[in-house]
Every structure is written in C-alpha cells, then in structure tokens.
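Order as written gives the chain letters A, B, C, D and E; numbering starts at 1 within each chain.
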Amino acid sequence: MIDTPSVDWLALSPTIALLGAAGIALLSVLLPEWMRKAVSAIAAIFGFGLAAALAGWVFAESATPELLIEGSMVRDQLAAMAQVILGVTGAVVVLASWGERRRDNHAEYYALLATAGAGMVFFVGAENLMTLFLGLEWFSLCLYILVAFDNERETSLEAGLKYLIVGGFGSAVLLFGSALVYGATSELSFSSIAAADPSSDAFLFAGLAMIVAGLAFKISAAPFHMWTPDVYEGSPTSVTAFMSAATKAAALVITLRVLVTAFPEQADVWTIAVAVLAAISLAWGNLGALAQRDLKRILAYSSISHAGFMLMAVAANSELGGEALLYYLIPYSAMSVGAFAVVAARERELQAPVTLESLAGFGWERPYHGIALWTFMLGMAGFPLTGGLFGKLFVFSAAYDAGDWWLVLVGVTATAVSLGYYLNVVRWLYMRSGAELRLAPAGGSPPRDSALSVAIGAAVVVTVGSFFVVQPILDAASDAASALPF
Amino acid sequence: MDGPDVGWYLIVAAILFGIGALGVMMRRSPLIVLLSLELMLNAANLTLIAFARQQGDLDGQIFALAVMAVAAAEVAIGLGLIVAMARRRMLLDVDQASALRG
Amino acid sequence: MLTTALILLPIAGALVVAILPLPRETTAGLAFLVALMEVGLWITAATQFDFDDGGLQLGTSREWVESLGISYSVGFYGFSLWLAGVTVVVFAAAVGYAVWVGRDRSRAYHALMLFLLGAVVATFAAQDLLLFYISFEAMLIPLYVLVGVWGGERRQAATVTFVIYTMAGSLLMLASVVAFGVTERTFSLTEGITSDNVWIFLGFAVAFAVKAPLFPFHGWLPLAYREAPVEVAAVLSAVVSKTAIYGFIRIGLPSFPEPAADLSGLILVLACAGLVYGSLLAFRAPDLRGVIAYSSMAQMGLITIGVFAFDDLGLDGAVLLSVAHALVSASMFLLVGMVERRCGTSEIAALGGTARGRPTLATVVLVAGMIALAVPGSATFAGEFLIMAGAYDQGWGYSVVVALGIVLAAMYTLRVISAILHVKPGHAVRDEALDLRAGELALVLPLLLILLGLSVWPALVSESAFAGSTIAELLP
Amino acid sequence: MESVLVWIVWFVAAGACLGTGVAVVSMTNPFYSALSLIGNLASLAVLFLLLSAEFLAAAQVLVYGGSVMVMFLFVVAYLGGRADAPWAGGPRLLRGAAVVAAVALLVEIVVVLGLAWGDNLTDPAQIEASFGSPASIGEALLTDHLLAFEITSIVLLVAAVGGVVLGTTREKDEEVA
Amino acid sequence: MIVGAWICLVAPLAGALAITLAGTRISRTTAGWISTLTTFVAFAGALVAFVGLWAEGHGDREHLSTAYTWLESGDFQVELQILLDTLSSTMMLIVSGVGGLIVWYSMGYMEGDEEERRYFAYMSLFVFSMLMLVQAGNLLLLLIGWGLVGLASYLLIGFWHSKPEAVAAAKKAFVMNAIGDVTLALGLVLLIWETGTLEYLGVFEQVDGLSTTTVNLVALGLLGGAVAKSAQIPLHTWLPDAMEGPTPVSALIHAATMVTAGVYLLVRASPIFEAAPDVQALAAILGAITLLVAGVIALVQWDIKRVIAYSTMSQIGYMFLAAGIGAYGYAIFHLATHAFFKALLFMTAGVVIHHLGGEQDIRKMGGLRPLMPRTHLAFLVGALSLAGIPIFSGFWSKDGIVAAAFASGDTLGYTLYAAALTGALLTGLYTFRLYFAVFHGKPSELVKEHSHDGQREGPLSMLIPVGVLGVLATIGGLLVIPGVWEPFLHWIDETAEPTVKATVGQDYATSAIAVTLGLIGFFVARRASAAGRQIVTSPGIWRVLEHKLYFDEAYDALFYRPAAAISVALRRNVEEPVVERSLDEIGTGTLQVGGEVARVQSGLLRTYAIAIAFAVCVLVVVFVAVR
C-alpha cells in the first residue's frame, strides 16, 4: 500500500481556512441573489481573518522551522508572519471591495479573492521549486481573472490580457530556470539545493538568474515591471490594492527565502544582482511616477519604487535585512491598500478614473479621506509619524550594514525624487480649489460606505501605529528572519 | 542510454523555448501568443523530463505533469479572456490593446 | 516629564483643535490659549532648570527600538532651553497674529500651527539622533501645507521648492543617521559616542546648511519667505531655521569632533559667503519680505560662524544671537504683515511713509529695526560681538567679514526703516489706514520687550547657554 | 543497431517538434497554428517516450493534445473571422528587438548547455524499467508530491471558475455578430 | 559721589523713557520740561560727583563702580560699570551742562513742531548715550555708548523725515559711524584675545606686554572709531550733511559733544596709543590734514550751518593733533572751550535761522546786526573765541595745542606746528567771512521781510542758554593761563599724563603768531566783505572746494555704487539664474526624464515581453559570466 505522508494540518490551516472560505463563497451561488454578496463577503473576510489568526498560532508554535510533507513546504515563523500580513491585508481588501458597483458574480469575486489569498498563504511556505511554481501559478491565475473581472470595462480586459500574457512569459522563464537548477542539482527542495554538489555551475547560475527574473516579475521590480502600471490602472481598484500589497509581500518573502535557503553559496552574485535590480526599480519607479496624472498609475509606479526599497533589504542578505523587509511590508501594505481604498472612494463618487485633477479640493470636501490619503502619501515618502520612516530606516540600515552604501545613496536620492509626486498628490488634495475639478461629481453627496471607511481607518491605524509600536514588530520580524539560514 | 545524449534533447528544448518566446514577442494575435506561451512551457517540460532521465529521478516528471495542468489552466483563462474581449467587440490584436499606457 | 509635556501639549492641542467642531473664533481662541499655556509651561520648566549646571536636565528616556538602540530621549541643556523658550514665545505671537487676522479654515490652520510648535520643541529637546531626525522632518509636514494653502500667489511653487529642497538635505541626513547608528550600534546622543567619518558628518552638515540656510543652499528661501503667510514666515525664519544651529551645536560638534574641525574651514567660508551674499542681496531686494529673508540668511551665516569658531565666545554668541534674531525676525515679519494688511503689498517702492502720522507703528518699526541692525547695546549686538570675538580664534579674516556684515546690516536695515518711516507716501499707502491697533501691538510688543530686556542683560542667555562648561566636552 | 533506430526516431521527432514549433509561430491563421501545436505536442510525446517518460507521453497526447487543444479549436471556430489578426507588423524596431531578444535567449541557453556539456550531460543515470511508468508516477504523486497534486487540482478549479466568470454574458451585451 | 555719577547716567534715560511711555498724554511743553530737567538733574549729579572727586586726595581720584555683569561668556565678562575719574567727571560736566542748556534752548527753537515729544525723547536718549560713553568703565560699554550716540544722531539728523536730504544725511551718518564702530569693535576683539579683558585699567596694565603689531592694530581700530565719530578725514563726509537736522541738534551733537567723542577716546586710551607711537602720530597727522582741509572748504560754503560744521571739523582736527602728540590736557581743554563757543555759534545761528523762518543761505542774509543786537553780540563772542582772539576761551586752548606741537619737536612736530598756524589763519578767514556776511552789509530782501515783525530776537528759553554760553565762551578759557594758573590741565593730567609740554616761552611766542594770523584773517575777511567779493577767487579752486574735494563722489564711486551694483549683479547673475533656477531646472529635467520613462511604457504588450526577455538575457549572461 502506498504510505501517504503525514500532514501537518496546523501548518496548512491558514491555507485551508481560506480555501474553505472560498468554497463557502462559491457555494453562495446557490443562495438567493440578495444574499450572495453578503454571504460571500462575510465568508471571505472571516476566511482572511481566520487565516491571520491561525497564522499567528503557527507563529507561536514554530520556534524552529520544520520541513513538512517530504520537504514540499516548511512551517516556520517567516511564513507565519507573512501569512499574518497577507491575511490582514486580504481582510481589509474585502472591506474595501464591498462597495464596488457590480451587478453580479459577487460570489465568484470573493471566492477568487479568498483563493488567491490561499495561494499566497501557501506560496510563502513553499520549500521546493515545484510548490514554488505551483503556488505562484495558483494565485496568479486567480489574479488574472480578478484583474479582468469587470469584463464590461475594456480597460479591465486589456489589463487582464496583458497580465496573463506577460505573466505567462514570466512564469515560463521561472519554470525554465527551475528546470535548469533541477538539472544542475537533481534536487527540487531548497535546502537540498543548497546542500547539493552541483554538477554544473553553468546550469545552476543560469537557472538562478531565471528564477530571480521570474520572481522579480511578481515583485514588479524594474526592468520586469512594465506590466505593473497598465495592470494596476486597468484592474478593479480593490483588486489593485490586493495585488500591490499582497502579491508583492508574498513574492518578496519567497524571494528572500529562495535566495537565502537555496543559494547561499551564490550569495556574492545574487546580492549584487538584487541590489542592481533595486537601484533600477528605485530610479525607474520614481521617475516614471513623476509624469503620471492618473492616481492609480502613480501608485503603481510608487509600488515599483517600493519594490526597490524592499529589494535593498533582500540584497543585504542578512538577518537585519530580513527584519527590515518584514517590518517594511507592514506599513507598506497598509499604506498601499489604504491609498487604493481612498482612490476607490473617489472613483465611486465620481464614476470615473481618479486623476490628480479630480482630487482638487477633495481634502477639504472629505476630510476623513483627505487626511488618510495625506497620511499614506507622507508614509510612502518616509515622513515621520508613519511606519514608512522606520521601514526606510531599517532598509537603509540593512543595506549600509551589508556594505551597500551606494545603494543607500540611491535610496535617498530616489526618496527625494519621490517627494515630487507624493507631495503633488497632497498639493492637489488641499491646495487646489474644487472649482478646478473638471469632472462634476456624479451625485450630490457620495454613497455612504462604512466598510470602506473601516478599511481606510484600519490602514491609517496600522500606518501610524507601526511608527509608535516598533519594537514588538521588530521582535517578531527578528524571530521570523532567524528562521532562515543566514 | 541509447540514442542521443540528454544534451541534444536540451538543445531541442532550448530552440523550442526560443521559438515560443519569439512568438510571444512577435505575433499580434492573442490566440497565437497564447499558443506560443504553450510552446515555452512545453520546452520547459522537455527540459525537466530530460533532466529527470539524466539523473534517474522522478521529481522532474512529476513537475512536468503539474506544469501540464497549469498550462491547461492558463489556456482556459486566456481563452475566456479572449472570448470576453470578442464579446466587447474589442479587436483581437495585442497592439490595439494599448489604451493603458504611459 | 516637563520636557515631554512641552512636546505633547501642543500636539494634543492640535488634535483637539482639529477634531472638535467648534466655531472659527472659538477654535482660534483655543489654539491661542494652548500656545500661551505652552509659554507658561516653558516658564515652569525654566524655573526648575538649574542654569549653573551644564548637564542634561529635565530629561526623560524611554526605549523605543531597543534592538537598534533607538530611544525616546529628550531633555534640555541651557542653550536648548533658551532656544525652546524663544520658540514658544514666537509661536504664541504667531498664533496670536493668525487669530487676529482670522485665518480661514481655522481648525486645520491652528492644528497645523500647534503641531509645528510641538515638532520644533521636540527638535530642540531631542537627545536621540533618530528622534531628532523625526522631529526635524515632522516640521516639514505642517509647513508644507501652511505655506501651500494659506500662502501668497505663488505659494505652490514656494512650498514645493521649500519642501523638496529641505527634504533633499534631510534625506542625506537620514543616510548619515543610518550610517552612524549602524556603525555605532546606537542612536543615542547622550552616550558621548563620536565618529570620525567625514562623509557621515557631511550628510548632517548639508541638511543643516539647507535648513539654516547657508550659501549656496538657500534656493528655497526667497520664495518661501515671500509667499508664506507672514506668521509662518516669522516662525520659519525665527525658529525653524534655528534647528539647524541646534543640530550643529548638539550633533555636529560633539559627535563629529574631528570631521567638524577638518571641515570647519569650508563651513566658515560658506557661512561668510552667506553673510556677505545675503547682506548684499538684502541691500537691493525690492520688497520688505525679500530684505528680511536675505537678512535672515545673512544672520544665519553669522550664527554659523559663531558655532564654528569652536570657542566659548563664538558658541555663546551664536546662542545669544539665535535667540535675539528669532525675536527680531519674528517681530519684523509680523510688522511686515501688519504693513501688508494696510497697503496690500510689500514692495518697498510703494510703501513710502507708511508710518507717517502713525506714531505707534513708527516707534515699533524703529525699535525692531534698530535691534535688527545690531545697534551697540542691543542683544543682537552682544551676540554679534561675541561671535566676532570668537571667530578671531579661527582667523582674523572671519572677524573682518563679520564686521563687514555688521556694516552691511546697517545699510540694508536703514533702507527698510527709511522706506517705511520716511520718504514720500507711496502709492499703496492710503490715508485712512489705521495706526497699529491695540491687538497688533499686544502681539509685537512682548517680543520687543523681551528683546529690550535681553539688551539690558544679555548675560542671562550667554552665561547660562553652556554653563558648567560642558562646552569643553562639546569642543573638539 | 537499436541505437541507430533510436537516433533516427529522435531525428524525426526533434525535427517535427521544431518544425511544428516554427509553424505555430508563423501561421497567419490561428486555426492552423493550433493544429501545428497539436503536432508539436505529439512529437514531444515521442521525445518523452525516448526519455522513459511513458506516463507523461500519454498524458501529453491525451490531456494536452486531446482536450486542451480541442477547446482551443472550438474557441477559434467560435470567433471565426475575428480571430484573424495581422501577422506581426508594428514598429520595425519592435520586430527587430523581438528577433534579437529571442535569438539572444536561444544562444545563451545553448552556450550554457555547451558549458555544461562536459559536466554531466553525457553519462545518464542507470534507471529501472519502471521509471516513468504510471505506477511509479502515481506513487510519487501520492507520497512525495501529494501537495503538488492537490494544488494542481485547485489550479484547475480556478481555471474553471475563471472561464465561467469571464465567459458569462450579461443580458445587455449579447452575441458576437 | 559715585551715586551722583549714577544719577547723572540714569536721569536722562529716565527722561527719555518717561516721554516715550507717556506718549500723547503729556503736552509738548511738558515733554520739553521733562527732558530739560532730567538733563539738569544729570548735571547736578555730575556736579556732585565732581565735587566729591575734588575733595578726594591726589591719586585717589579713580573710582570704578559696577552694577552687574552685562555680558558673560566663558572666562570673558563685561560688566556694566562706570569709571569716575578726573577725565570722565570733566566730560560729564561738559555733556550734561552744555546738553542741559541746549535742550532748554530747543524748547524755544522747536516750539510748534508737530513731533516735539519725539524730539525731546531722542535728545534725552542722546544725552544718556553720551554720558554712557564718557562714564563707561570698560571699552565695550564705551562702544555701546559710542553706538547709541550714533543712533541718537541718526534719529535726530533725520528728525524732519519729510526732507529727503535729511533722511539721506541720517543714513550716511549712521553708516559711516557703523564703519567706525566695527573697526573699534575689531580693536576690542584683538584686546580680548590678547589681554582677556576690556576694562580700561586691566587693559592698560597689560599694554606693555603686547607685541608691537598687536598694539598697533588695536590702536588703529580705536583710531578708526575715533576718526569716524569725530568726522576726521577720511571718514568726515557725513558731518556737513548732518546739518540737515534741527540746529540745536547740530549744536549739541555735531559740535559740543558727540563729535568730540573721538578725542575723548584718544585721551582715554592714551596708554594704548603711547605704546603705538606711529598710530598716535597718525592721529595727529589726520588731525592736521582735517583742520586744513575743513578750513579751506569752509571758505566756500553758503550754508551758515555748514560753515560752522566745517569749522567744527577743523577744530576737532586741533584736538586730534593735541591728543596725537600727547598734549592730552590741552586736547580736553580745547574740547571744553570748543563745546562752549561752538554751541554758542550754532545756537546764535539757530536764532538767526529761526528768525528768518528757516533760511540758512548766507547769501540771503546780511545786515542783521541792527535788527538782532544781542544775537550779534553772542555770535561775535563765539567768533572771536573761535578765531583765538585773546581773552576769549578759544585763545587759551588752541594756542596751547599749537605750542605743544612745537614743543614735541622733530620734523613731524614742526610740520604740525606749521599746519596748526595755517589753520589759525584759515579760522580767522572763514569765521569772519561768515560773520560779515550775516551781520554786516545791506539787509537782503529776506531780512527785510522778516524785520517788519519787530518782535524779540527769540523766546527766553532760547536767549538764556545763549547768554550762559556766551559768558562761558568768554571766560571759560581762564582755567588755563600758561605759567600762571593751570588747574584744568592738572586735573586732566591725573588721568592722562601728557607726554609733551610747552614751555611758557613757547606758549606766548606761539600765541603772538597765532593771534596775528587770526587778525590777518579778520582783516582780509572784512576787506573782502566790504568789497563784496569772496576770499577764494579762482573759480577752479572754488569748484574743487565746493565739491568738498570730491570725497563724496569718490566714496560713491568706490563703495556705494559698487556695492549696489554687486548686489544687483548678484541677483541677476547668481541668485535668479543659478540658485533659484537651478532647482527649477533640476526639477524640469527630472520631470522630462520621467516623461521619457513613461513614453517607454508604450502600452504595447510586446514591448513588455521584449523588455523582460532582454533583462533575462542580461541577467543570465552576467550570472554565468561571473559564476
């Protein structure tokens, strides 16, 4: 008889919780139409919440990393912490999605969101090249659909097509790289790859290069980022929020894990490569954002630059770098989701894409949203009273500690450039009168959307809170980073 | 092993990968781009299987099997998208899908 | 505790003002009350402060990020307490002015002003590099909006230029903070850790040079000072610029003794250049604000010379002049605001004889102007004299430049005074414009009275700035 | 003797594989492209067989060549004339860049292969007869790669939902002409 | 005694503050009385101090009284302290006494001016500052007084602020004085570093230990301050312009007190100057040059006050000369008598101007003697005193200086002697040119116009001070009769021991020559006046002199215009294009790059794939190459 391996259900519990939630959401199709949206949304939010809670439990239980199911995945605090971030992000995105004006397919939407979340939650715990690829495709396929979900809107479809094709191209590269690494080491598991005596350096390095490229694609690091602005702009805004925060978080964590666990011997090569990617992302993202008028595109370019910042932490290849990355992810996810949520609010009010011009006077009309967006912009620029400051500080510290002082300077310059557009948003919010608004708001007062307000509030709380409560987060990040063999 | 060395298979796979990549980069019909993507994935599959043979290790074959499923899923979604685009009376031409830019 | 209260009171006040949906006048009044309470709190702090003790006092320290050695650590030295004192006074006057002119969007405005006050005080109290950086940066947030929303016609250009310029400087400082913290494994300033890395020092120096500003980092200055609401310009030139001086004294000298000494020549030359350059431009600036703006730049150059004289005289003079200049510059800007309200412009050519037939305005302008040009016997003179004496230690040439600066100051200040007090009435001056009202006088007069008091007894500041001779430890 | 036979089969299969690959990319009509891909898949299956991957060869033909490509052909047929798109076109620079990029990619991989040739590509491992058999694959799927197996099913489910969501028609936008 | 000195210092300040704070609540006259009375209180205080000092024994007449520490930094500290000694008590008497008379006189002169209160506040401020200057117990306090008198002078010159010339003159005076202030300050800086103190006594004790260079530099700094304050060449151009102020101001500040502060400094700091003999000689030379140049220029001036102003410069030149050769007693003596007769001259000129409704041009005057007999008499006393005619005070003080120059010997001494004697001739010439032009000859239209009124020559408040000063100018010189009775000199000698002393014979011989020259001047002037022509007849020389030897033009071309031009050039060529625009350019440049970046983002899917393919290629190549 075949001995099926024992399954560590605790480690899988966040994934399963989300899959369960997705199942319930999907099954709500069977319910009367008026209930579908509520049931599926509630299922999704509970799924994400439960996943986060379970991940917290896993975190508490996993002081030492453990390989599970024949080395397919790992249960450690790194994965658990990333899962907590992903779970909370997902829950907030569900809240932000509630007010999307969509006539039907609610059940499918939330089910896909939960499934994508499940994929990411699984992905960050991947421990071999196959689960890595499958996890990646798992949530990517969900996202392809979600991006094109507003299929009555051409831009949404266009974004979906672009994401699918370019994403497929990227996956193929990642896959080919994995194949080459497999060929060189005859191993799939990360730790075995590190331990193996590679039969061929050429394969190993070429494969590593392709894996880095494939992951950089998901992180949307330049020059693999070009899909990002288009897809972010075209997607439904809440999906964009999810992608910008969760996808990036998952991809960065797994990048760190792959590089550190599987390729420690090649560190002197990939650290430089990642540092260069970081520098290019910083330059490209910030410069590109300067020329944008559409707020979602601005945020898309900004997310590219943030990818650069976080890659700086990866490039440090140190525990400090790991801590910095994990810390950075928290305020970044909050700010990113929050900013897109505010965009969604304005978008729903105006029934039109949100450009800088359409923000004129917004800060005075809707003080709550205005202050929130202000907070997020300042946070992304690394101003104090937001976690963005500490994120940058830690990332710079890690880079400096690793000897990449030049990268710190690039980061500093990039931040200075980034002020050009972050502050520009604030400028439009407060320093232009609403009379300059070229689009008349669709209705009188905006639709009340308390779910969205809660989402924005949560994002603000995390953004500001992570400034004051640094040490606990850092302790957790430190535990998580120590799961990797630095 | 009889016949050519594994290296020759790999060369075929590499060429196939290149042809697929060229297709993605050259063709304007999304359908053909999708097919080209399949070519690339198949090239990767061939690589995996060749290595599996070389090392006498089944993992590569299992990987390839999973990739087949993924490829199928990708095609399904891609086709769904293309149909949806067609319904919206959008031109099926990737060069025309450039409303999002800048 | 008191220090923390000094920092938190205005910030709490800002929150209250922002959140409570009070009518406009009530909001403004509340903000003014908070600003006055802050003054009271400072006085309490000063009474508890032992000015003969050179060490850190009223200190509080609490771990913040233990693993990196970051802490919330605040406290005052003699000189920083004085700087904080002048800050709260100037802010009280500035907020009072805003109340007087009735700024619109009162809640937002006053919340931002109070927040700014908290940030400036925090900057002067910070005893941790990162805390210093945070408060240094936090000042920019309200300033950006204050200038951008309530400023003059070109406010948006002004505010963008200002913030990007200063941020570029402070980001370099962030890089330096990181480098320092990572190298030394702590961000604390109280542990007496020094670094001999010139590059790290340069990061700080550039940030401070932009903030001060020193030549040639003053690109933001003309626009910002011209376009900001006057009370914000007052705060900007009076106290915000002094954070750079605090930075030089508290961080530049003690933490980087060797680099500071190595680069002192460069900084002194830049400061001298700024002094002469600013004075010359002030001499021909076409508007009142331009004159005050460039004169501020000149004065900041002068103060910097004092700091980098590396001796008792220079440092004491720098602190004394910082305090005095803060008061002078705030009064001058507020007066300009009052003149602008009457004439609608600050073009000197159009303002002739504004003070004619308005004796109160004339007297106040005259007194402020005379102190501004450092007439011997004034507090500004005492500061400048000490700086001049201190600078001699670094080379007689610096003293001569200081002397030149004093002569030029006489030239440009007299030009302004003559413009307002004398000359034929300009086209913007209307006969029906009133003399200074009691309310306006009540804002400027305290500043001037403090200045006169300091003129009678400048030793109050100069001897207690670095009493107990921690100065020896500060000096390289 | 047997070896020569294998060589010949290999040559034919590899040639067909590359030929159909080129055809996929170069055909104007997506219908022919899809047919070429089926040929490609079949020739690949032959190569798989040569590499002792019997189960995969079968799966390739049945699952891939059979069901997936049939679905593809259905869609092409459904779209009819709308499926035709200009061959390539676009800016000349773009075309040139595409060719250069593809060639570069190809050359690189070949160079890497060349570099690795001496390392381990000439001396394959000895394998048992059951290598690649359905039984061995099945066992691996249920033991070492249980997780991968399960995930594959989820991925396929997602694809199904996606197809439904994207293909759903709303009342207002009806049929393609 | 010392209390008297403090009262003397504080009383005028109290007056100034009282007037300022009271504002419009008090009448103009009250303001005038407050000012006058507080000044006389100061005089009383000075008198108390003087008498107290007088009563002290020889050699004990030096008292330092400290109020509190004004400025402190490290080991360096400056106290608010006054030094009461023979020199300062003399100065206190002169300043507060003459000051009190002039302030009193102002009450009549300024009657009816709109802003009288402001005027009296400024006057009191001035008296306070001047007393601070002379009473200061250390050099920094002296510098403060120095600066404050400059301030008061600025305020008072520009008092009539509707006159653009007055405002310009005030600014000029202030800036020139500021130059002097900073050179003085630089000298002090040097002293701080070399001696660690600024207290007179402490500094003087250590002077011997300093290097020659240091002492020379310090002395130069002090001399710079003195030259500027006392309107000596080359920093003299502000004084004639300062005559735009009200006449009593000219009398008090620009004749009797402030302008002589330089002399006071030279005497006060005599130990320093003695240690730097070259600089001291320079002071004497500058004095000599100034007395000649000013005397010559005075010959061509039309403005009654300007003539007197140039004469002031010239007389201060004498004092500088005296201080420069070490005849400190005579320097201060001349300072005192000059305060009397020059104040008298200004005040009588003021009476004339007042009478003629503000006219100052002597070409429009003439024949005033019958109309204003008492004024004429007072003016004549002043003129005779100025010209050094015996009995009158100027005779005793000036001739002593000239004789001392001879006594100092060597080439320099004889040259100075010659210059001083030439100056005596010039003095006679310009003094009587003025006298004849104003009081003799035919009454002009203007005079006739104003003579119809038939009113008195002026209010009592104007005439009494004039009378008092007239008496002082007449008999004030009797305090020093060479060889007979020299109490004044002995008094001053206690503080500043002279380094040169003329013999009685030299004294009287010199007097004979000087008086002769003065009389020659008188007769030449009378003849010229009678003939209706000027003393200077060459039009070329006239033009040069009229332009005051082109000093103003030269300074304008050398300093003011270059500074203004540099300022404008900096703004046009550096500030706007480089500093301000560089940021814009960086900004636009960055934005342009951003635009390019966005352009690459063409929206074409294939571009994206190609970018990825290339990037992968590069990565692979690099990785494989460096593996």
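The criterion applied here is as follows: a contact is a pair of C-beta atoms (placed from the backbone, for glycine too) under 8 Å apart; a residue touches a chain by one contact, two chains touch by 3 or more.
Being a predicted model, the structure only gives us computed values, none of them experimental.
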Both-way neighbours, i.e. chains that touch chain D and touch chain B: A, E
Fewest hops from chain A to chain E - one hop per pair of touching chains: 1
Chain whose average C-alpha position is farthest from chain E's own: D
Comparison of A-D and D-E (more C-beta pairs in contact): A-D
Chain nearest the overall C-alpha centroid of the shown protein atoms: C
Euclidean distance of C-alpha centroids - chain A vs chain D, Å: 31
Centre-of-Cα separation between chain E and chain C, whole angstrom: 36
Centroid spacing, where centroids are CA-atom means, of chain B and chain E in whole angstrom: 97
CA centroid of chain A to CA centroid of chain C, Å: 43
Overlap residues in chain A, where contacts from two or more other chains coincide: 130, 134, 137, 141, 144-145, 148, 151-152, 160-162, 165, 169, 180, 183, 202, 206, 229-230, 291-292, 420
Multi-chain contact residues (two or more partners), chain C: 164
Residues of chain D whose C-beta touches two or more other chains: 90, 97-98, 101-102, 105, 108-109, 112, 115-116, 120, 144-145, 148, 151-152, 155, 158-159, 162, 165-166, 173
All chain pairs that touch each other: A-B, A-C, A-D, A-E, B-D, B-E, C-E, D-E
Chain D to chain E touching residues, read off their complex: 90, 94, 97-98, 101-102, 104-105, 108, 111-112, 115
Residues of chain A touching chain D in the complex: 2-5, 7, 19, 26, 69-70, 72-73, 103-105, 108, 111-112, 115, 118-119, 122, 130-131, 134-135, 137-138, 141-142, 144-145, 148-149, 151-152, 160, 180, 183-184, 199-200, 202-203, 206
Chain B residues within the chain A interface of the complex: 10, 17, 20-21, 24, 30, 33-34, 37, 40-41, 43-44, 47-48, 50-51, 54-55, 57, 59-60, 62-63, 66-67, 70, 73-74, 77-78, 80-82, 84-85, 87-88, 90, 94, 97-102
Contact set on chain C toward chain A in their complex: 63-68, 70, 105, 130, 133-135, 137-138, 140-141, 144-145, 148-149, 155-156, 159-160, 163-164, 167-168, 171-172, 174-175, 177-179, 181-182
Touching residues on chain E, where the partner in the complex is chain D: 604, 606-607, 609-610, 613-614, 616-617, 620-621, 624
